[in-house]
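Chains: A, B, C and D, in written order; residue numbering restarts at 1 for each.
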């Protein structure tokens, strides 16, 4: 105890609701949180230092592990940066497959978030339903890439191998049944009075503070700012390589208040938008063919001198990968910018004078994942 | 009862045992029966909860130990028994060890108050409904003690919550009980059940005049039992495990046992008050119809009454499990507000309505 | 993007591609420049994406990656920091998100941010010796030698 | 005003809908996979334990060129002892893969210029001893022949 009437309490690093090894030092006055200090670094693996001792290709599989729930996004950010530095063209078909897998990955990541968020709030069943559906996606990924989480599917300039038409058919089936499942989650949760009173007007993030704290992704969109790097002119990167997002028809869901409920709502709507994108990609892939295998065959890639930063709209906000090359086979410096890192930073502000149970409603809705914070 | 006592003394005489042994041990026998029955019921209940929750979430539930996992809880109990009993260094030793007993023993006692059939209830007093409520609120002391003695902040917060919750939900609970007492004109639980007999099958049950009361009672009972959505004292995502964070082994098993036993007893109490207790829903007993021998028919009626009570109880428990599977947890201030602002006025309304009903319709 | 207005800050334009630029400025003028870029309606850089630190052997480079949400522009502002006395003005007053970034850079590069009140190690433990992301970093801490000892014991 | 007074009813309907939705799942088939008895079907791309490809005459395709070592992200996983035959061809005298270091990325398979290494569908790799996780050349050969037959003797390790 530091001061009178205040209870100092340590949440974590091992705690059921911190989704990993985040440590929060709280000062409670009764059940009201007076101050909060996040302590991170328990999962620091030195991803950036590791890059300096690995060649470009060796570093590629490791990248998936930065955010293990959405490995494709990290892979893409890194591949995109290296492709831009070396000026490799990526064929349209492989771009489409990349978008397809990335959107499916976003869906699976949001499903896991939904389950664990509701588990934190005390609802047990939705966890199992979301995991059941996520399992379908993971099985599809396993069929495509060979593993369920650490895909290592993208290579510089393309993909490891093409998708089969069987696989595309399976996705079509999946897309057909998924809206019903999402409707089920919404039936259980969205209008539930306990859930709404626990999340509405809790953890309100204003537009200004969201930008001040560099919040991105669904958390930012819940405050009413319609920003998505998928929709800007050069999606994901300021590069000559154009992605195919402009060709696709999709809406970016936004909300107004920026509270926990809006963050929930935005993510659920985003799941529906993902399904739309997936079915469009599948349609394109079924009617068009092309080469996906990378033109680069040699394992030792020499990247010309230069620097590049590529931005991806990952499920947890913008994921940027900065690569600086000095012309050798190893990157000179790689820097990762991830969404959760900044979401942790805004926690003390959101938690000020909140009730202790609100901690779960706020922290859960921010969708923080710790390997991404610590890297 | 006297007949049973007579039989017991006869049995002792056969083995040449003096009568005073019979006099002293006979009152203990029902308690032994109760204790064994309770533990068996709890073992089954834990399995049932796991199975039912599994069915709600498209899983299979425990199915490794024994057929359909029937012995799973027994295996768990053995595991808990074999575990080391740890008392943390910073804990108040005496109180730390006392707390599980304080939570467990009252539960064993009130189990005897439930009328299982029209003849056998182990303890029958003219004020047994009141007694039930009184003893049922003792385990909360055990929880408070556990939280205080553990020297753990999570436990402390958990036990504070438990006490606050118990106090605020006790009030609507008692007011609904009063309305039932008004309907039955008795505080004796057996009399309350017998007052629910009517000409038409199951129409006399108190759930029909006091449906609102039943809902309030169900909610408050869920809160009293610290079950989801009112499981704040042991909210896993907030307080790790609440008041029993520091407990392990057999001491934890006591808390666990008390929790599930209390759940069964609360549901049985609810069935007694609102769903006609041991009464058959058909208006007649099946054994009366199918067994011709009058003596055996009478005996089997008692067992059938126990069966009906258990059936109703398990139905209520199933409802509680469904609630647990669906709802998210409430927030502490929301919980208080709900009790004082919604449930208490509603229970007054219920009481007022019941009094009018009793005065204008039922009495005539 | 039009950089003519920035002349009073003595900016040096390093790279100019479509909606992606890199400019260099002196460390002392960094805060003024960022303030100007943030509040000027023409630029409207309202979000600091990240701060990137690079060890250039002779000195450090810090890159401030700015985004504007409304206009959709990106820019990078780079400053050069002397290796022997790495001190940079903190920008937490302008962008609050910079706090963690600055702590991270202090932790991994040893660059000090003046007037950042609560500068601390973010990833590494409190008593860690050295700054790991420097190119000349070598693990010299004797307290960590248990790691190797154990390996020797394991082999026996 | 009307909207506000209707709120309790809407709440009750929402709660009932939620309970019904959960209750609905009782009648659905369980999705549990009883793991040790039943296993998910794996496809050919699965990245499990490694194997060295042996051709029809029983010779290894591997020429000990070391590409797999160079693309492996985890240092020291693959160790090759290079040897020269009498007719001037290189072959691996010993080839060890340390499974405790391997991250199963599949780079070695992808970038092998001779297609000499593959990954089997074997994924139950836990063992009591750390030394058992070091696969030498004979185990890797055996893995390949086992993976062709499709069944494996798990008791050997």
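In the analysis below, a contact is a pair of C-beta atoms (placed from the backbone, for glycine too) under 8 Å apart; a residue touches a chain by one contact, two chains touch by 3 or more.
Keep in mind that this is a model prediction, so the values were computed, not measured.
Overall, the chain located most centrally, as judged by its C-alpha mean against the mean of all protein C-alpha atoms, is A. Here B-D and A-C were compared by C-beta pairs in contact; the pair with more is A-C.
A separation of 51 Å divides the Cα centre of subunit B from that of subunit D. Each chain gets one centre point, the mean of its Cα atoms, and the points for subunit B and subunit C are 63 Å apart. Subunit A and subunit C have CA centres that are 24 Å apart. In this assembly, the C-alpha centroid of subunit C lies 40 Å from the C-alpha centroid of subunit D.
Annotation for subunit B: residues touching 2 or more other chains are 56-59, 325-327. Contact with two or more other chains is made by no residue of subunit C. Contact of a single residue of subunit D with at least two other chains is seen at positions 15, 18, 21-22, 25, 31.
Chain contacts in this assembly follow no simple pattern; the graph is neither a line, a ring, a star nor complete.
Counting only pairs that meet the touch rule, the chains in contact are A-B, A-C, A-D, B-D. Those residues of subunit A lying in contact with subunit D across their complex are 54-55, 57-62, 125, 129, 132, 135, 139, 142-147, 150, 152, 155, 160-161, 184, 187-189, 191-193, 299-300. Listed in rising order, the residues of subunit D touching subunit B in the complex are 15, 18-19, 21-23, 25-26, 28-32, 34. Of all the residues in subunit A, the ones that touch subunit C in their complex are 40-41, 44, 46, 48-49, 52, 209, 211-214, 216, 225, 227, 232-234, 238, 309, 311, 318, 320, 322, 324, 332-333, 335, 337, 341-342, 344-345, 374. Across the complex, subunit B is touched by residues 7, 9, 15-17, 28, 31, 118-125, 127-129, 132, 188-189, 192, 194-195, 197-198, 355-360 of subunit A. Residue ranges of subunit B in contact with subunit D, taken from their complex: 54-60, 63, 322-323, 325-327.
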